[in-house]
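Letters are used for the chains, namely A, B, C, D, E and F, taken in the order the chains are written, and counting of residues starts over at 1 for each.
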Amino acid sequence: MSKPVVVRRVELPPRDAVTALEQYGVSTVHEAQGRIGLLAPYMRPIYPGAAIAGHAVTVSLPPGDNLMIHVAVEVCTPGSILVVAPTSPSTDGYFGELLATSLRAHGVKGLIIDAGVRDVRPLTEMKFPVWSRAVSSQGTVKATLGSVNVPIVCAGAAVEPGDVIVADDDGVVVVKRTDAVTVAGASKQRIDKEAGTRQRLAKGELGLDLYGLRAKLKELGLDYQ
Amino acid sequence: MSKPVVVRRVELPPRDAVTALEQYGVSTVHEAQGRIGLLAPYMRPIYPGAAIAGHAVTVSLPPGDNLMIHVAVEVCTPGSILVVAPTSPSTDGYFGELLATSLRAHGVKGLIIDAGVRDVRPLTEMKFPVWSRAVSSQGTVKATLGSVNVPIVCAGAAVEPGDVIVADDDGVVVVKRTDAVTVAGASKQRIDKEAGTRQRLAKGELGLDLYGLRAKLKELGLDYQ
Amino acid sequence: MSKPVVVRRVELPPRDAVTALEQYGVSTVHEAQGRIGLLAPYMRPIYPGAAIAGHAVTVSLPPGDNLMIHVAVEVCTPGSILVVAPTSPSTDGYFGELLATSLRAHGVKGLIIDAGVRDVRPLTEMKFPVWSRAVSSQGTVKATLGSVNVPIVCAGAAVEPGDVIVADDDGVVVVKRTDAVTVAGASKQRIDKEAGTRQRLAKGELGLDLYGLRAKLKELGLDYQ
Amino acid sequence: MSKPVVVRRVELPPRDAVTALEQYGVSTVHEAQGRIGLLAPYMRPIYPGAAIAGHAVTVSLPPGDNLMIHVAVEVCTPGSILVVAPTSPSTDGYFGELLATSLRAHGVKGLIIDAGVRDVRPLTEMKFPVWSRAVSSQGTVKATLGSVNVPIVCAGAAVEPGDVIVADDDGVVVVKRTDAVTVAGASKQRIDKEAGTRQRLAKGELGLDLYGLRAKLKELGLDYQ
Amino acid sequence: MSKPVVVRRVELPPRDAVTALEQYGVSTVHEAQGRIGLLAPYMRPIYPGAAIAGHAVTVSLPPGDNLMIHVAVEVCTPGSILVVAPTSPSTDGYFGELLATSLRAHGVKGLIIDAGVRDVRPLTEMKFPVWSRAVSSQGTVKATLGSVNVPIVCAGAAVEPGDVIVADDDGVVVVKRTDAVTVAGASKQRIDKEAGTRQRLAKGELGLDLYGLRAKLKELGLDYQ
Amino acid sequence: MSKPVVVRRVELPPRDAVTALEQYGVSTVHEAQGRIGLLAPYMRPIYPGAAIAGHAVTVSLPPGDNLMIHVAVEVCTPGSILVVAPTSPSTDGYFGELLATSLRAHGVKGLIIDAGVRDVRPLTEMKFPVWSRAVSSQGTVKATLGSVNVPIVCAGAAVEPGDVIVADDDGVVVVKRTDAVTVAGASKQRIDKEAGTRQRLAKGELGLDLYGLRAKLKELGLDYQ
C-alpha cells in the first residue's frame, strides 16, 4: 500500500567508491557490473561534457506537480544527486534555475529527471548538470504529495535511495549502494585492460584476433565469399 | 469551410512589448501569462543560444510542399517570425539556407516550423535561428496551395497572425497580440521577484520556508520518517 | 533464403566522385539525385560539424550483438564508411571508442548505425564521426552471426555494399555506386545555380518572381485579401 | 492571460445539421469542409462501430487531475460531447464507468479525450463511446482548477465550445458551429456523387478515366514502360 | 553485480487474495493500493475480454533471445503468470503458440511481455491471454543467458517473483505479494462503495455534490460565467 | 537518378507457391526463409482474421498525394497486392472504400500501406483487407508523380515488384519472387515438424528437453538456485 512519505536518512555509499565511479564513467561502470542499471537512452544531458557521480536522493511525484522537489531539498546532503520520477509519463518543466540554485547551496551535484527541465541556458551557465527526457518550460503546480527517499523506477531502472548514480555524455547508470566498491574495482580492471587493447587496435591488429573470435566464427559456420 | 487564402495585412503587437518579451524569455513569459501558449517540447532550436521575439506570420501548407513559404515571404515585414504548420504530421525539410537568405533580406527574425529544416550548418553560420521538430534534407514540391496569415495550430498551440512569438533554448511560446503588454508587465514583476528569491536560496534558505509550504504539507498529512 | 555471409570484395565507386559528393553535402546531393536515398531524420551526428563521404561496407546483425562489426573491420579499406543495421529495432550501444580506434587504423572514415553508440566524449575528442539513432551505453554480446557486405535497409533506405554514403549535419544520404558520377555532376550544377539565386534573394528579390511562381498561383486560384 | 473559468452557456449548432453530420461520418465531413478539422490519428475508439455527432463541451485541465470533468458534467446538456485536453501530454485514466454513468444521465453522447480512459470493458458493455489516445487505469487527483467551455486545442485541432464533433471508426473531426449547415450540405453532395462513382468503379472503370487524370499524367510527363 | 541465475522456488501469495484480485480488475486494484504498480499503457491484450490474476514468474532476457523463456517453463506452477522483460527495448516476437501450449500444460494462466508476441490468431483461438507492447513475427535466437525469478522492471513497473499480477482490458498492475490480502480488502471496500455512487449518478445526481467538491471549487476560486 | 516511371509488366511468382505461402502464414514463412523480410510491427490489419498472399505491385508516392494509387490500379492483375510507401513518413488517409471497390473489380487481394487508411467500417464490411500504420481520414491531393512497380522500401523492408507478400494477424512479410518455391517448401517442413512438437509440449514435456537445451545451459554456466 502506498502512502506519501519522506525518509530523512539514507545510508550512503563509500565516498571513495563514488569518486572512483565518477572517474570511470557510465559505459565502463555499466559493463563492469554486468550490463545492468542503465537508464533509458532518452535521458540526455542538457549540455555536453558534464560527468558526475553521487548518492541518489529519490523523489516520486505526481505528473505536473513539483511540490516534492522542494521537500527533497531539505534531505539532500553534499554529494547528493536528485533522482526524480513522476508517477505517470510527463515532459513538464518541474525544475529550473531557482531550484538549481537551492540544490547547489546544499551541495547537490546534479539532477536526473524522467520528465522535463527548463532554464537550460542559465543552468548551462552555472554548470548545474541535468539529465532529462525533455526540455520544456511547462510550469507545474504544488498541490499533491508524493514521496522522498523511497524505491522508484526512473526511466526504466530501479533506483533506491543511497544507490550510486553515475552520469555523463553517454547517459545515466545506477549502481546498488552495496555493490559500489566491487563495481569500482571491476571498472578499474576493465579500464586497465582496455589500455593495452587500445594500443594493439591502434596498430591495426584485428579484434577478431585480439579477442580470439575466429574459432567461434568457424564453429558458427560463417561463410566467407 | 476552408479555402486557400493569403491575408496581406495583420495587426501588429506593440513594439515595446515585443522587445520586453524577448528579454524575459520563454519560461518566464509562459509562467507570467498563466502557463499557457507553449508549443510542444519536441520543437528544438537548431543551435543553442538564440533568443528572439516577433510577430507571427502564419503559414498552413500541405505535407511535403513548401510553395506557401515562398508566398509568405512577400507579406513578411521587419520583425516577423514565420510560423509554419503542415496540415498533417511531417518531418520533411521545407526550409533551408536560400529561404533564410530571402527572409533575412526582408527583416524576418527566425522560423518556427512543426516539421523539418535543412542546411543547418549554413543556417548556424549565418545565425538565422530555427525551431523545428526535425532536421531533414528531404526535399519538397511546389504544387498545392495552403494559406498565409490564418489561425493555425502549430505543435499543439493555437497561433493567430500578429501574435507574439517568443523562442529561446527552452522552446517556443505564443502570446496573444492583445495580451502582449499585460504579459510583458507580469513577466517583469516575476523577474524582479525572482531576484530576491534567488539570493535567499543561494544562501541555503529552503523553498519550503520561503514559499511557506510547510503548513500545506502538514495539512496534506505528509509523513516524515 | 538468408544465410550469414561475408563478402570480402565490393566494387568501389570512382574516387573523384566520392570526393566531390563529400564537398556538396547531403541536402544538395539528395536533391541532385531526385530526392531519393535519404536515411530517416532520426539519424543524428554525435557532434556537429562532421561531413564525410565514402563507400559503404554494410553490416546486418542481430539485436544486441556486435560480433559482426568485429568481422566487418577486416574487410574495410581506406575510405570505407561502416553502415550497420540490426535485424530488429534496437538502441543498444554496439560501438564505442575501441572499435573506432580499430576502424581508424584501417582508414575507415566513420560509422552510420541504425542503433546506439557509446563513448561519445572520447569519439568526439578523437573526431571519429558517427550518425546514430541513439546514444546508449547498453552493452552487446558476441554470440550470433549476421552478414557483411550484403544489401541492407538502414534507417528506411536501401544500401548496397559499395554505394556512396554522404553524411553531414543534415543527416545521411546514399548514392548508388553507378550513379555517383552523374549525381556529382548534377550536384555541381545545382551548387553553381544556387550561387546566383542566393545573391538575388539577398538583395530582396522574391522567390515568387525568381522561380516564376506567380502564374502558377493564379492558375491554382490563390485568393489574396 | 489565463484564469480558470467555467462558461455555463454556449450557443448550439442547428440540430438538423448535427443529425445529418452524424450520418455522413468523419471522412466525408472532413473532405466536405475542405480537409480541415481532423484530430490526430492517435485518437482511437475504445470499441469498433460507434458513430456519433454532437456539440462540444470543452474541458482544459492539468495533467493527472480530473476535477474539471466533474465540473463539466453540470454544464452538459442532451446531445453534448465532452472534449477534454490536458494542458500537457498525458496518458492517465481521467475517466471511467462512473463518470460515464453520470454523463449518460445528463444526455451526453460520448467523450473525446486527448489522454487515457479506463474501465473499457464496462464502457463497452454500456455502449458509452470514447475516443482516446490511450487506455490506462492510472488514477488522477482532484486538486487543481482548469476551465470549461473555453477554446482548446485537442489532439492538434482547435475546438470551440458549441462546435460540432463527429466521431466514428475513422477518428474524430470538428466542424465550426457556424459552418455546420454548409458542411452538412456539402457532405450530402459528396455522398450523392460518390454513389455513381462507386458503381462505375465496381464495374471495372478506372479512376484514371473517371476522374480525367490521364491528361494530367501526360502533362506531368509520366513515363510508362 | 549481475550474473545469470534461475531461482527455482518463490514464495506464493495467498490463493484467496489472488482469486479476489482477479475479480476486482486492474483499475480497482490499482486505486485500492494507492495508485501504484501500473505497467505502462502500451501493454495491450492481444484479444479483448481476458481477465486474469496469478503469481509472477519473472524473466530477464537479452534482446532478440528467448532461451530463458524455455528455462522459465520448468519453474512455473499452476497459477503462474510469466512476466518477461528484455534488458533493452525490443519488439521481437519471443513467444508464440508452441510456448503457449507448453505453458498451458503446466498451468500457467498467461503472459506479460514488454516486447512482441506472434501467432496471435492461434493464441486467440486457444484463449491463451497475452499482454504485450507489440505483435511481431520477428524470430529470436537461443544463444545467451538471462535470469529467472529475479526482481525486474517490466514496462516501467518493478516486479518481484511471487508478486500478484492482475491483467484485463484496462492493462496490467502488480501487487506486492505481502500486500495482496490488504489490497484485496481495500478493493472490495471500493467496489462496495462504488455501487451506491453508481446508483446516485445514474439518477442524475452530480459528482460535485456527491463527492462534496463545491466547497473546494469555491476555495480555489473557480469563476463561473 | 530518380524519375517517375510506371512499369507495366512484372514477372509473377509461381501461383502454387503463393497459395501455399498464404496457408502457412506470416510467422512460419518469416522463420522458414531465415528470419528476414518482415515489415515493421506498426503495420497492423484494420480488422482481425484476414490472411492473404499475392504478388506485389509497388507504389512510391509523395506524402499527402495519392495520384499514383490511381495509376497503379491499371497495372494490377488478379492476385495482386498493392504495396504503397510514401517518400517521407506520413499517416494521411491515401485510401478508402472507393479505391477498394476499384481494386476489387480488378482482382486485387488487399493493400499494404506504410501510411494511413480511411473508411475502415465500409472496408471491414466489404472484407477488403488493409495493413497500415494508421487509420486517418486526412485527405490527399492528386498533384505530383511517383512511380509504380519500382523497388521500394516499405515499413523497413525492401520490396520488389512481383515479390510475394504474405499478410495476416501477425503482420506482413515479403518473400523474394525467386525464393517463393523454396520458402514454401521450407515452411511446409516447419509446419510438419511443429505438429509433433506441439503434441509433446501439450503433454507437459519441456522445451529444454525437446530442443536439447540443457547441455547448452550447462556450457553457458547457468546457475540454478
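Here is the rule we use: a residue touches a chain if its C-beta (ideal position, glycine included) is under 8 Å from a C-beta of that chain, and two chains touch if they have at least 3 such contacts.
Bear in mind that the values here come from a model prediction, so they are computed numbers and not experimental data.
Centre-to-centre spacing of subunit B and subunit E amounts to 41 Å, using the average Cα coordinate of each chain.
Distance between chain centres (mean CA atoms), subunit B to subunit D: 28 Å.
Residue positions of subunit C touching 2 or more other chains: 3, 35, 87, 89, 91, 136, 138, 144. Judged by the touch criterion defined above, the protein chains form a pattern that is neither an open path, a ring nor a star, and not fully connected either. Across the assembly, chains come into contact as A-B, A-C, A-D, A-E, B-C, B-D, B-F, C-E, C-F, D-E, D-F, E-F.
By the touch rule above, subunit F contacts subunit B in their complex via residues 62-65, 87-92, 136, 138, 141, 143-144. Those residues of subunit D lying in contact with subunit E across their complex are 3-8, 67, 70-71, 73-74, 91, 93, 96-99, 101-102, 104-106, 116, 118-121, 124, 134-139, 142, 144-145.
If you check the complex, the residues on subunit B that touch subunit D are 1-3, 33-36, 40, 87, 89, 151, 153, 156-158, 179, 182-183, 186. Residue ranges of subunit A in contact with subunit C, taken from their complex: 25-27, 30-31, 35, 38, 41, 44, 48-49, 51, 168-171, 173, 194, 197-198, 201-204, 206-208, 211, 213, 216-217, 220-225.
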